[in-house]
Structures are given as C-alpha cells and as structure tokens.
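Below you'll find the structure, written out as structure tokens, and then a few comments.
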Amino acid sequence: MARAGRMKKRVLGTSVLVLIIALSARFGFTVVPIEQVTEQRLAEAFDAATFVDEMWESRILPAIDEAAVDLSLVLNEWAVGSDGFAVTDDLIETAQRYGVITTGQAHIYLVTATGTVTAVNTETSLGTITVDIDGYQGPVSVVLFAGPRIPSDDSSIRDGVQFIQFGDFRDQTEYGRVAGEINRRVVRDVLEPISAPDLLGQRIRFTGSFTVRTFNLVRIDLNQIRVIATRLSVESDG
Amino acid sequence: MKQRFRALMVVVMVLAAATAFAGGQQQSATDGPKTIGVIVPAVENPFFGAMQEIAGDKAEELGYRTIRLVHNDDATTQMQQFESLISQGVAAIILDNAGADATVAAVRRARDAGVGVFLVDREITQEGIAQAQIVSNNYQGATILAEYFVQLMGERGNYVELTGRDTDTNAHVRSRGYHDVIDQFAQMRMVAQQTANWSQTEAFRVMETILQQHPDIQGVIAGNDTMALGAQAALLAAGRRDVIVVGFDGSDDAIQSILRGELKATALQPVAEMAIQAAMQADRWIRTGSTDMPEKQSIDMVLITPANADQFERFAPKR
Amino acid sequence: MRFGKLTGVPRTGSITKNDVLQFLMKGRAFVALILVFAVFTLLAPGFLSVANLIIISKHVAIIAILAIGMTFVILSGGIDLSVGSIVGLSAMIAGGLINEGIEFSRLGVIVYPSIWMVIAITLLAGTVMGLINGLTITRFNVYPFIATLGMLYVARGLAGLRNNGRTFANLVGRPELNNTGFEQLGAGTLLGIPYSIWIMALFAIVAYFVTMRLPFGRHVYALGGNRRASQLSGVRVARTETLVYMVSGFCSAMVGLIIASQLVAAHPATGVTDELTAIAAVVLGGTSLMGGRGGVAGTIIGAFVIGTLVDGLVVMGFSSFLQNIIKGLVIVAAVIIDQAQIRMQERIALQSQEARAARA
C-alpha cells in the first residue's frame, strides 16, 4: 500500500512537472530570428559617420560659411603680450562679439581670411601650414592643419556651429566621436585634394574654425592658433 | 512565546510614543534651512574627497544644510540613500553617480518626488530627468592625452595600456578615447592591455609582470594617475627611465611626479569648477525653479605637461 | 526558545534578577532595535513617518532575504561567503535574458523568455550555484569557508564576464518580445507596500515554518548541534547540507532579481560584500556561528537593526567611516552579549542541577 501510494505520488509529481515545463515552453518564450535582432540593433546603434554625412553638406558647411568673421578682426582685438600669452578676462569680450563660449569655457571662432603661406610642416601626421594673415602684424602665428590627421580632441567645428548639442547624444563618447568624424571629413574633402608643400609661398583664402581653451588655465598661450579649414583655395595673383 | 510577546508590546509602545514625539517635531524641520545631499563615490580618493568638500562648503555658504554621503560605487547603496534623503525632504541632491545606466532609476525617483538632482563628473545615459549634468569630459581628456602620448612616442612603438576597474563607466570611456586616437597609427602597437583596478599597488605588480614578458616597450598609457604612478615606480625599480608614462586625473601626486621628470603628462579633471557649478545651479534651481543652463554641460579637461605642471594644485590653477 | 527548552531552566512563579537579565540578553536584538529607533526618532524628525518606515523595510528586505538563506547555512554549522557574488551573477543573468535573450546561432533564432521565465531561470541558476557549493562541500570534503570563498570569486568573475564588465541597461523589455514589466518587481506595490517587503515576509514565514515544523528544519539544527550524533541518528547529512546551500543560493538569486529590478539595470558589481551584511544580521539575531542554535525570527530582527542603523546614520549625515565603526561595534557587542548569555545559562543550569542534587 505504502509503496503504491509513493508510486502514485511520483507519477503525479512528474506529470505536473512535465505539464509546467510544456506550458512554460509554449507561453514563456518569444522566438525571434537573429537577423531581425541584429538589424534592429544596427539601426539603433549610433554611427558618427552617418550622423556627420547627413549634415555635412546641408548644414555644417553652410553654417560655417555664414557665421565666419574676418580673422584679422579677432586677432587685432586680442590683447596679447609680447611673449604670446594673454589673460582670460581680456579675451572674453572678443569671444562674445565674434565667437561662441561653450559651457566648458572654450572660445570657438568661425573665421575666414586671406594670407600668404610662409611655411609648411609635414614631419608628423599633424601637418601644418603657417599663414601670414593679411591685415595682421602681431605675435599670434596662424597655422592650418594640413593633414593627414587633425587631432581628435579638436572639436571646434562641432562646437562652433552650435546646433550639435551635447544633450542630443547618449553619452560623451558619441558626442566626442562626432568631433573626430568631422575632422576626418575635413581631411578627406578639403586637405587630401591639395598638396600642402605646393602651397609654400602662395596666397590662399580659407574658411574654418579654431578653439582657444581658457578653462582652468591661468595664462592662455596664444603664440599659435590652429585652424581647421573647411574651405581652402589658392588666390590667383592679381 | 510569552517573552516575545512582552518584548513586542514594549516595541509597539516605544514606537507609538516616538511617533507622537516625531509628529510634534516635524513642523520645525520645514522652518529651518533647506537641505542639500552631496553624494560621492568614496572620500578616500582625494578626487572625490575634494569634490564633496568643495560642493558641500559652497552649498553651506549659500545657506543650506548639507548631508554628505558616499555610495562606494554601489548603485544599490546609492538608490537607498536617495530614498532616505527624499523621505527626509531634501531640496536637492548633488551626485557623482555609481554608474551611467544603473543610476537612472534613482534619479527618476528623485524627479518624481520633486527633488532636483545635479550630477557632477559622471553623466547618466538618459536626458530630461536630472536638472543638470555637469560632466567632466573624460572622452575629450582621453583624446587630448592620447594625441600628446602619440607625439611623445614619435607616432610609433610598443606600448602598454593599464585600464581602470572593468565595472566603472569611466574606465571604458577613457580606454575608448585612447584607442580612437592611437588606433589611427599603424605603427603604434599595443603589446599588453591589463586592468589594474585604479590601484597603485596593483599597477606596480602588473607592470612588473608585463616587463618580464615585453621588455621592448616604449610607453605606458594608464587610465588614471594612481595606476600611472604604480607603473612608473615599477619601471624605475627596473631601471627603465626611458619609458614614457602618462596618467589621467591631474592629482597632486601626478603633478609632483611630472615636475620631477618622471610621468610625462596627465589630464586635469575640473573638480573644483564642477563642484562649485553644481552648488550654484542647485541654489538657483531651488530659488527660481530653473538653472538657466542646458541640462548637459561638458567641462573640458586640461592637458598637463612639464611645461605647465607648476601652475596647478588641488585640481585647480594655483592662486 | 529552543535552547530554553533544552536546558530545562526551572520555571518559578517569581521573577528573579536572573530572569530579567536573561530576558534582556535573549531579546538583545529587540532591545537594540528599540534603542536604534528611539535614538533616530529623537535626532531625526520624520524618521518614524509611515513613508520612511516603508522605505526602511524595503532596504531591510534585501538584507533580510539574504540573511534568511544564510541562517539555514549557519544553523547547519556552515558559512556561505558567496551570496554577494551570486546576487551579482543573478542580476546579470536576469539582465542578459531580458536585453539579449538566449541565442541559438545554429537555429538562427534568439529566444526571449517572458518575465516570469526570467525570474524562474534566474532563481534556478542561483539554486544551482548553491548546489555546486553544497556538492563541493559534501562530495569533496572541502570546508564551507573555502568552497564558498571559491564561489565568491568564480561567481563574481562570471558576472563580469557576462557583459564584459558593462551594465545591462534599461531592463524594461519590449512589447513585441513579450518581456515587459520587470521593473514592477522593484517598483510595484500591493496595498501600498512594495513587493520586496511582501517577498521578505513570505520568505520569513516559509523559513520559520520549515525550521520549526518540517523534518528538514530539525535536521539542519541537529547537523549544526552535533554532526556525528545526527549522522548516527539517521539524518542524511550530505543531502541536508547540500540543500542548505541551495536555499542560500535561491535567496541570493531572489535578491539579485529585486536589486536589478529596482535599479532597472544589472551591474556586475551588484551585491559586493553583501555576504558580510547577511552574516552580521544572522549573528546579531542570535544565531550561533557554531551552528545548531538560533533561528529565522532573530535573523529578521537582526536585519532590521542593521537596516535601520544604516538608514538612520544616512539621514543623520554621518560619514561612511563612522557608519562602519558603529556597525562593527554593534555586531561585536551583540556577540559579546551572546557569549555572556551562554555562560549565564550554563551557570543557571548548573545551579539548578546542584539545587536538585541537594534536594535529593
């Protein structure tokens, strides 16, 4: 009797278990093809290149062209000591008039200028073109990035156009990668078509942007400003 | 059972008396100064210690009472502290959070209770629930540092990366920033990547081991200063003064090391500025209902090199 | 209670000094709880509001559920150092199931379990971790301290490995995958009281019943009281001991689920050092670390003491250093009283024996 009872119990227990498993297998799971999920993930993942592609021609370049001020105006207004250094307070008024001050207290300028190329340096990947700016004789030396790289931390275009806001991104990495991607775009579209060494001695016209970092700095080094050129052309003499 | 019952009765009576007493007291709590909670990961780390002290002192200077807590990077503790502070009726919370994703629920809880949250240093992955996110731009700091590191290395060579604690959002952000720059150089070869959990002693040990396997390294890039200092110590002990080591944070120890000619660079965290901004924006929000600022504010990091190291102290420019 | 019966203290009509002392000592967790509440109520206005009591209970629930599992282990004379890590691993398992499902690359499909299945699978996983603890201890004769220490590292490592140290974020599921609603476990309420408190109550009642009424409960006590004797009297020692760790693993998984749900995110460092808090609650509640003595009721009170202490110190704005010092002192003081109580009971037992001998 006892054994039969135990048998009965065991059979009952097993069948209940099987029933639970069967029910949960039927209703407890949702099956989705892998491709569908990967597609969805790809669609949701942020891609800096796509983001920049979508607005480079249509919004970024026009914004810079429109807002660009004459670089010599900015340079002439700056109170720079003979050693090439300035004090932040002396720069704020100029930045408010001609540029943008970010929440990180960086001064961003969108500028345009003409000048003569006096030196070309392509020793490192961060090549530069030194330009003597028309209408300015002072301690600040102006260089344009010549490629093949522009520093990834230089976010002057992203921050200068003002419509690419930190708050629109998931995190600082996505936000930061947009700056890097814009700089790669400049290298590809603006710098690669030209041969920097050939520019030596030529008169050029350019439009672009640069950043003066003032945050947490006691004295601002203005011996050199480094401009990312979004348009660069050789001026025909005459 | 009888004893248990008697004990239970005592508890009930005491609780009842205390509730009555507390009810009488509650009135006075709302009359006094408003309270701001200041929560940071751990005060043992001078970075967070300074942050809490500066933010808390600024809030008190503005006329608030402060409750200062640490969550030790534990999102559960953080959530519980939020709930306790909310039920105590704080007006605002200044927080250096315990994880970009794991903090969202706690901030939402505060928002729902009408408590303003002012995030400093680290961001969260959702917008529109905190009053402000005053973010130390670690990605920018990492790229500016990596650019400098690559130039010091002459754009080529073998290097080692020491990463922070795997579970820390910033460890990943910094590492991504480093690689977004360094990986553009085909001749920069990472021979080892190891975590040293932000720790000086662990970095020392890890570096010693790596040196055995890869004596042919020219550079070490670390996720923070303490790891950089640990690695530097191991390299010096092995007589390798030639290896370029860079850190991250801008702590006084790292700055001293740079001035001694050991570490080559670090990126300075804007601790003081973020802390003061947070307290001031919290005050403005409490008084006027608005901070007059965008929610997400990126504060840049400053590259510190032998050229400017003597100008900084306690995460800020010397006065 | 149990111990009182065993030592057979003679009941007399009058209350002696010994009785009062014994009562105070026995109920020391209670006394501590009353003290803690009284102090914070005086110092922090609003501490005893209903809303705040609910929040405290919610925080206590996490400690208490872990401590209930730990009570079984400690009663059996063992220790489980792996609960914090199992909490973390369980959170990551649940988070992964919700956000990523289970991938069958051979079949080209991903299977997303419903929330009930996520909970079931996670609880099962926690229980299996406990089973592994138990088998390591019973089959390979490894000390519980060592076996669960090993699991502490392994489970924490697995938790990190699951998503490479990253958090599973925003665990709200998707309607088209039929896996929404996970956040309800942490945020939902029944009669105005959060689910986690109900779960704690349910676990406590079941555990109390199991320890007091079921053979398994008696075996656990017997095992902790005298292993050899219980073996000789027919208790299946290995089976009981293994089950005890499975209970602990199950409780840990429950806590992992609750925390992940409350945070709506699963972080691999969830639950670090929670095992120590759980042990503290058990010890504070009067369960002897040697096993065989104590119980679930005391553990719940112990958990309340620690939880209330932590919340109160937070509200008071005590620094974390002071919080740790106070927590440590309270735990050690509780054990000192525990020891004193044992000695006193022995003395009383001895006295009554002598008295009986004298009478005879």
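By letter and in written order, the chains are A, B and C; residue numbering begins at 1 in each of them.
Assume a residue touches a chain if its C-beta (ideal position, glycine included) is under 8 Å from a C-beta of that chain, and two chains touch if they have at least 3 such contacts.
All figures in this text were calculated on a predicted structure; none of them were measured in a lab.
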item	value
Chain at the geometric heart of the assembly (C-alpha centres)	B
Furthest chain, CA centroid comparison against chain B	C
Interchain centroid distance [CA atoms averaged], chain A/chain B, Å	24
Euclidean distance of C-alpha centroids - chain B vs chain C, Å	32
Computed distance of Cα centres, chain C from chain A, in Å	51
Of all residues in chain B, the ones touching two or more other chains	100, 125
Complex contact set, residues of chain B against chain A	100, 123, 125, 127, 135, 137-140, 143-144, 146-147, 151, 155, 173, 176-177, 180-181, 184-185, 268, 270, 273, 293-300, 302, 308, 311-312, 316-318
In the complex, chain A residues that touch chain C	24, 27-35, 37
Chain B residues touching chain C - in the complex, by the definition given at the top	1, 3-4, 6-7, 10-11, 14-15, 18-19, 21-22, 25-26, 28-29, 42-43, 66-70, 72-76, 79-81, 83-85, 87-89, 99-102, 104-106, 125, 165-167, 169, 171-172
Chain B contact footprint on chain A (complex, rising order)	102-106, 124-126, 149, 151-153, 155, 165-167, 170-173, 175-177, 180, 213, 215-219
Touching residues on chain C, where the partner in the complex is chain B	1, 23, 26-27, 30, 33-34, 37-38, 41-42, 44-49, 51-52, 55, 58-59, 62, 160, 164-170, 183, 186, 259, 262-265, 267-272, 297, 310-311, 314-317, 319-320
